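What follows is subunit A paired twice: with subunit B in the first complex and subunit C in the second.
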Partner chain A sequence: MFPQWFATAQADAWASFQSLPAPRRGDEAWRFSTISALDFSSFTRAEFRGEASEWIARSTGVADAAATLVFVNDTLVHSQSRLPDGVICLPLAEALIQQPDLVQQYFMRHPTTLGSAKFSALHAAHVSNGVFLYVPAGVVVQDPVQIFHWADGDSSTILPHTLLVTGEGASVRVIETFQSTDDRAATLTIAVNDLIAEKNSTLDYVVVQALNQNSKIISINASDVAKAATSTSFLLSTGAAWARSESISRLTGEEARSYMLAVSVPSHDQEYDQRTFQHHISPGAYSDLLYKNSLYDESRTIFSGLIFVDEGAHRTDAYQTCRNLLMSNTCEANSMPGLEINADDVKCSHGSTSAQISDEEIFYLRARGIDSDTARQLIARGFSIEVISRLNHDATEAYVLNFLDQKFATLRMRDVR
Partner chain B sequence: MSLDLLPETLDQETAEAVNIDRSIGDFTFPERNKFDAGRGLTEKTVDYICDVKNDPQWVREFRHRALKVFRDKPMPTNWATEDLNNINFDEIRYYLSDGEKPKRSWDDVPADVLETFERLGIPQQERAFLAGVEAQFDSEAAYSNVKEELTKQGVIFVNSTEGLKEHEEIFRPWFGKVIPTGDNKFSALNSAVFSGGSFIYIPKGVKLKQPLQAYFRINSESFGQFERTLIIADEGAEVMYMEGCTAPKFETATLHSAVVELVALKGAKIQYVTVQNWSSNVFNLVTKRGLAMEDAEVRWIDCNIGSRLTMKYPGVVMKGRRARGEVISIALANTGQHQDTGAKMIHAADETTSNVVSKSISVGTGRSTYRGQVHIPKHLKGCKNNTECDALLINAKSRTDTYPAITVKGNQHATQHEASVSQVSQEMLFYMMQRGISEGAAMSLAVNGFINDLVREFPMEYSVELKRLIDLEMEGSVG
Partner chain C sequence: MSLLIENLHATLEDGTPILNGVNLEIPAGEVHAIMGPNGSGKSTLSKVISGHESYVVTAGSVTLDGVDLLEMDIDQRSRAGVFLAFQYPAEVPGVSNANFIRAALQARLPKGQDIDAVAYYKNLYSKMDLLEMDRKFTARSVNEGFSGGEKKRNEILQLMMLEPKYSILDETDSGLDIDALKIVAKGVNAMRSPDRGFLLITHYQRLLDYIAPDYVHVMAGGQIVRSGGPELALELEQNGYDFLKELAPA
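Right, the complex of A and B next:
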């Protein structure tokens, strides 16, 4: 049985879900968003009871993973691990039974503030599985932990929860991938992932969202970064009809470092709605955000970012950059890069650009015998790789790049002017 | 007495020629209003204003429609500051005037009003460098005059009441077209109770060498000033318009809510310069927008030093090919002030370009905010926007925010936005102090250096004054 605190939390969350208003036009947190995309009435929870071997076989990530967990519709269908002693890596459903107190300490500690409070309450009310990873003080996990989520069956909803904790001086890298079992089934994913990096620890979290083009996903990501800890959260988005991501970083100690990275390649009529928040609570912390979008066809992106420096958070060093590469004449990029600074002695800057590939760049490549389509794709790929290379881990970069190239392969010949 | 006084005297003279600093604006004369619409806003208030002003029927209907829109619209506190809720619309006096027509000569202006504007240096400025002046005292213009040769060329420079009556054929087609009544709650409020402000028409090809100036003065407590300005530059015409404003520092809040519409027809150029120095009890909620047709240019040069809360986002709708829009903005927010300023650039034709440069300084617990919107819709080609916002924080509790929103559709465009926040570095101060400059003076030099390139965009007479104003505001800010 799940512990009492969890049952209470779920009941409270359900009450919040029912009482919280749905986002409306005019809500700043949903400015430029397509509110009609939030009609989830056709979706229901659906457990997976089929044969999982195909999805297990297709869950190939990096070689030499330290642990692998495969879920289909939130049901654990496969797991293996060679994690060092002391590391706790459990499906959430088991962790709640085996480590109830430890999970309680970290489970959804902060309210969702970037717009999706109602959906985060829905997640909390019905969450049944996910991953709880706890790396105790001083333990360094060399190879990545990988998590695969497969969404299966039309109208089904999955609520994956990922809770990652690195104790003092610990280190780990997690790669999580969201995919669909087929090209058609419209599914809804409401994912919550919380990263807690304690003093001096390093926590890298890499997400690949490659759902089919009928699906929707909301991902609510929060990182707590303590003194001298480093957290990296990276998101590659190539799939889904509509994807909303909310990512917040709380820097709570001196010399805490947070990197927030994202690469998106939307096409067709895909809409990616990204909201970020860099919260400098402690003085002397560093955060750097880089989001890059390459927009094809009729796609839309919304980037709304805020660097928020608390009163007294002096010597803050914060950056925020959103760059949009416009690959078609019908795409739409919305950028809202924001700053709220309540302390002096800070270095903060943000930049946002939207532009197409310049004719000079194309000319340069064509002069070397590269046709114009290939040239455009090469440049778009290079544009994205600048972010991916910040992951500083060859195997992870190769894994992410593979998904990027799969997306580019489908776009071949379509980015003609 | 001594030679020391000499530079002092010279300074004084320069100062007097361009004087509108805060302390000098802080005086008031007893009210002697013949017409007073009383406190609060109802249909009766609107009718009272219509009756006093002898408005034509279409204006009366326009005002009543606007009142309804004002009531229906919620306060925009979903994105704006909660301080807006402190405005008590029932306590405000919406119309005050002595019932006199604007005078063409300062000699005819009532003595206390004349003294007001003399203390603010307006007649002196007019003689020195202005092509025409309108001076508004509470709801109505006390003085309005333009140089004779300009009148001969067909330049019209009158107040809005006269504009809508005497020049209806030019006034009416553009009035409320750049900023519709329902644009926002405060543009609706202005549309319901507007009084004063300028109507300017510059005929085809006429290029004004000297600027026109308007000066807005609030004299009465709990008063709301709602001037309405419409400037039309016909094809190939050029004009620079400057506005200044002050109010005494009353105990209660005062509201200033203007609507300013600019129309630059083909190849015309309009520059609109504002030095806003309201006292720190004024809510300054202003809607300003220009329409730029083919090859036309609209520039807003905006400096906000005063007021309790300013919300002002000058905009340009670039409706014709190769139209250009620009906003140059300086804001200084001292303790108790919130300067919420920005720019709106709406690209609506091919090859239109816009530029926004905003610099703000926050002192003490002052808060400065940049809010911007850039919109480039589908099916346009070759649009460009550049936006730069820099904020300087002087004290530990100073605040600054930046909230831009940029929408680009299609791939034939380029936009870039950059913002930075910094403080005056200890090294810089140390360097200057080591050379015998006091800390306060060093800070002032650093701040002036920060905005120097923008100050140069202001007419010379204003840039001298701006530097002085900023020196004044910076006094005692260190430590």
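Right, the complex of A and C next:
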């Protein structure tokens, strides 16, 4: 049985879900969003009773993973681990039973403030699985922990929860991948991932969203970064018909560092809706956000980001950059960068650019014999790689690049005339 | 065998004439230099030969070993054997130098055939050694954050890797100190062969001290107005372009 606090939390969340209004046109948090995409009435709770061996076999990540967990529709179908002693890495359903107090300490402790409170409540009300990873003080996990989520079956809803905690001086890198079992079934994913980096720890979280083009996903990400801790949150989006991501960093201690990185390659009529918040609570902390979108066809992106410096958060160092590469004449990139500073002696900058590939760049590559399509793709790939290379881990970068190249390959096949 | 430019006229997109009947033949095995004042059309000539889309060819022809170059796309011209070393090479963020050159070589192979990576890197490193380029330049993004001299060296590295039949060097000497100039010249000289032609576009005699030309041409008003041997460059160095005033067409 799940602990009482969890049952209560779920009941409260259900009440919240029912009482919270649905987002409406005109809500600032949903500005430029396609509100009709939020009609989830056709979706139901997913069940999976099938044979999982194919999805396990296809869950190949990096060569030297410290642990691997594979879920199909929130059901754990495979796990293996060679994590150091003391590290707790459990499916959430088991963690709630084995480590109820520890989970309670970290589970969804902040409200969802970037627009998806209703969906976050839905997630909390029905969440049944996910991953709880706790790396105790001083433990350094060298190789990545990898989590695979497969969404299966038309109209299925999955609610994966990822809760990552690094104790003082600890370190870990987690790679989480969202994929569909086939290229047709429309699924809905409402994922919540919370990162808690305690003093002096390092927490790297890398997400690949490569769902099929009929699916939808909301991902609600929050990082709490304590004194002298470093957290990196990276998201590659290539899949889904519609994807909403909300990402918050709370910098709660001096010399806390938060890197918020994202690469998106939408095509066709895909819509990626990105909302971010860099919350400088403590003085002397650093945050750096870099989101890059390469938009093809009739795709749309929405970026809305805010750097918020609390009163007293002096000596804040905060940067926010969103860059859009427009690869067609029919794509649409919306950017709403923002800054609110209530302290002194801060270094903050925010900026957003949208541009096509420059003629001079294309000419240079073509003058070396590279055809126009290949040149454009090399440049767009390079544009994305600038972010990916900031992961500073060869195997992880190669893993992410593989998904990026798969996306480019589909665009290329389509481009053959 | 030659790069043959006959009566070449070209304008900007708005119709402004830049090239007004250029005639020039660069036979394989020879090095030609074009000198001339700013605005004479030297750089435009290099861009028109390469296929830059900001210019419109209104008359004349450019043929490479008898094949019409002007009918080809930009990238086809390169694969056919024309190389332009840019005066201001573009920066390509996120594309490593090694991958860039590899893509250029790959573009020259038939479909389905792949570059042999081991042989490629061996070749690349040997050329980089000759140009005294640090190995770190293989992983760095193309030209991004390179100094002026490093960019020019990188152009010559590409020239050496692609082994074009005809190379046009557009003011490769500008912005180079004497040591860098010597290294660049060493690279170009290493590529000189009876099968390859070179066209050096420059303001200064200095480059020609290190890459000895067979012929020197003076360009003005979008035309070649004088041609001669290497001594012409020395004469220009001493007397400047004043003589052009007498030649100036009405």
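What to note about this one:
As a convention for this text, the second predicted complex is superposed on the first by the 412 of 417 C-alpha atoms of A that agree within 3 Å, B and C clash if a C-alpha of one lies under 4 Å from a C-alpha of the other, contacts with A are read in each partner's own complex, and residues count from 1 in each chain.
By definition in this document, a residue touches a chain if its C-beta (ideal position, glycine included) is under 8 Å from a C-beta of that chain, and two chains touch if they have at least 3 such contacts.
Please read these numbers as outputs of a predicted model, since none were measured by experiment.
Within the superposed three-chain model, A:Ala367 lies in touch with subunit C and out of touch with subunit B [touch as defined at top].
When the two complexes are overlaid on their common chain A, residue A:Asn334 makes contact with subunit B while staying clear of subunit C. The partner of subunit A that touches more of its residues, comparing subunit B with subunit C, is B. When the two structures are aligned on the shared chain, A:Gln10 is found in touch with neither subunit B nor subunit C.
By the touch criterion defined above, A:Asp344 reaches subunit B but does not reach subunit C. On subunit A, the patch touched by subunit B and the patch touched by subunit C do not overlap at any residue. Across the complex, subunit B meets subunit A through its residues 78-79, 378-379, 391, 393-423. The touching residues of subunit A, when paired with subunit B in their complex, are 26-28, 31-32, 311-312, 314, 324, 326-356, 417. Subunit A contributes residues 358-361, 363-372, 374-375, 378-379, 381-386, 389 to its touches with subunit C in the complex.
In the complex of the two chains, the subunit C residues touching subunit A come out as 50-54, 73-75, 77-79, 83-84, 86, 89-95, 99-101, 103-104, 107-108, 141, 158, 162.
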